[in-house]
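In the two assemblies presented below, subunit A is common to both, partnered first by subunit B and then by subunit C.
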Partner chain A sequence: MLDLTNVRVQAHQALQLIYVVTSAYMFWKFLSLVSNSSSPIVVVLSGSMEPAFQRGDILFLWNRDTLNKVGDVVVYEIKDKVIPIVHRVVREHHSLSKQLLLTKGDNNPVDDLGLYAYNQMYLNSQNDLLGTVKGYFPLVGYVTILITENVYFKYALLGFMGITTLLGNE
Partner chain B sequence: MTDFSTSNIHSISDLRQGTDLKIGPSLIGLGYKESHLLTDTRLALGYLSAAFAAGTFYIEKNFSFKDGFNYTAILVGLYFLVIGVIMLHSKFVEKDIIYRGSNKEGESLEIRGLFNKNEPIYQLTIKVTKKDGKVEEIKKGLKYTEIFDKFGNLHLKELQNWFKETLASKGK
Partner chain C sequence: MFSIYQRGQSVLNFAVTLVGFISAFIFITSLIQLQLTDSFHKDSSISTISTASSVKFSKRFGSVGGKAKENNKIVFDLQSDLTDLFNWNTKQVFVYLTAEYPGKTPESSNKVVYWDKIITSKEDANLTLTNERAKYSVWDVEESFKNRDATLKLEWNIQPYVGLLTYGETEGIGSFTFPDVTEEKPKSQKKKANRRKNN
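What follows is the complex of A and B.
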């Protein structure tokens, strides 16, 4: 008869690895559902909000507020631009059904009109926002910045992870 | 498959894993056939949860956040439901069972294993259920030194002999 013992052992080991990846991913998706934000945690990549936020700060977002106030810090996405932007609301207009926002970086000399898409004069708070910043944690996100901006760091980290996996016990 | 598995003799957990793997094969020689139902259930549930995670990823790649929201909510819910079932299954059904099997005479074996940290003895509880429903329990410590040599190779014959003696020692 076919001996499946080895197959079971291999399947079990593969599953342990799959658990590590899927549990992290599904926890992320759970957060995203709760906060109603496609990206509930973001890393600050630019200095445009200094001194409130520095590069590398981690921000926690919430996208279930009906109205944003002037002074709130929001994260928004612009059509065809990949990287979300963290800036402060400086002007808002709302009716019962929708709210329009104008934003500006604390450290920028001008508001964000120039950053918006061609012919876009405002942010629609229902469609363009990833969320409002509700909390932050300093510096932790710098790892992400190092990985994306420094190839040597990326390879060193990959090498380190590889070595620990090889030498570690399972 | 080779006749011995090699474990790190300085790691109790490694020795235990090495032993677990060989209990089934060693009992084949004594006429017992392993039932893999518990393991297979755990694996099936595990891969089912992985399928839900894969589904969630597919939704993320092919739908916008708003369009995919409800699908994602259902899949995430199912995922955590299955993970919950897996945890309950391992806590209340699998417990510390490392072997289940039966022989042609209708006698079934259930082996549970416990170990203490820093003690090179596998505390085994062997439950023998006869065909007529009579249950007998044998508690015995299996010294790793009896079945592993100094290189960490497990000798299947020794393990088999250990089981033979232990099972023979039970009252008839």
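What follows is the complex of A and C.
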């Protein structure tokens, strides 16, 4: 009743799928380790750094610099706010123990004081940063924006993947 | 053996590899071009015409809880030709005028931006500014920074079409000392400004 060869083929396919997922995950974690950043690659979501970075561009982060320089583009997170922000450092004040940064979007008229938490005047470069932007590649990240913001695209992609797996089965 | 899936996979693999190599080639040749034009040692001349500090009480000017915060602004002249920074991989050049000054302790240091500009075309890259006002009102982490000496430099960042962000600074150096707080410009500095204008 049970067709063993069929089960074997199915198991093989499942294994391959798991292999793809885990290798992608390992690659991500490896990048994390090398760059010392919890998210070493980010997709630009806002236009506040235009025309340098547009929505959908991807940025490669590095988080091993001990001191940030004025002019660095950093990615930071504010307490209780979900989305990380990509802006440029316009002021830095450092002593031996810590460094304070003020940031601003190139395309914004004013600095980021209004974006920081209540009564926060600076970013702490040790705690608040996800990393410093070092590398840039245009447009590729737009896929993730489409997936998260466009339901039809998500279904189309899932459908396409399903069909290709069925066809690949032969 | 040759399923659609496998064919798609190998085409995709080839495309990704090719795009990677082309991108690397574009970036590396653009770096070589920057070296050939000596772009990391560009001339510039920066001079401070006047500087004035005043006291502010608003959060927009760095004041916490309505306490007095010293704010400084400068007026400056600037000349620098950054045309060579534009090549096939330059999307924009971000130029910024920085002032570096010491903190209270010898280990501490500060650097702030007084003025910046996004340049997106070669034609706008030859900068000549006279009597330009600072874009930003600058305050310190401490309440006051008067009598400290600041060094002005013009720095730049090339935003590439693809590759790594490139940074550099021009050779020119300007300087000024943070003045005492005044609501108006001191007379001596006004005179100096006039003298410069006449020259």
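To be clear about the criterion, the second predicted complex is superposed on the first by the 155 of 170 C-alpha atoms of A that agree within 3 Å, B and C clash if a C-alpha of one lies under 4 Å from a C-alpha of the other, contacts with A are read in each partner's own complex, and residues count from 1 in each chain.
In this section, a residue touches a chain if its C-beta (ideal position, glycine included) is under 8 Å from a C-beta of that chain, and two chains touch if they have at least 3 such contacts.
Just so we're clear, the structure is a prediction, and the values are computed from it rather than from any experiment.
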Which of subunit B and subunit C A:Thr66 touches, first, second, both or neither: neither
First (subunit B), second (subunit C), both or neither touched by A:Asn119: second
Partner chain(s) touched by A:Pro138 [first = subunit B, second = subunit C, both, neither]: second
Comparing the two partners subunit B and subunit C, which touches a greater set of residues in subunit A: C
Partner chain in contact with A:Thr5 - subunit B first, subunit C second, else both or neither: first
Of all residues in subunit A, those that touch subunit B in their complex: 3-6, 8-9, 11-12, 15, 18-19, 21-23, 25-26, 29-30, 32-33, 38, 169
Of all residues in subunit B, those that touch subunit A in their complex: 1, 8, 11, 13-14, 21, 24-25, 36, 39-40, 43, 46-47, 49-50, 52-53, 56-57, 60, 65, 69, 72-73, 76, 79-80, 83
Contact set on subunit A toward subunit C in their complex: 51-53, 69-71, 73, 88, 90-96, 100, 106-107, 110-111, 113, 119, 121-122, 133-138, 164-165, 167-168, 170
Residue ranges of subunit C touching subunit A (in the complex, touch as defined): 3-6, 8, 23, 59-60, 62, 64, 91-92, 94, 96, 98, 103, 105, 107-113, 116, 118, 120, 136, 138, 140-141, 155, 157, 159-165, 167
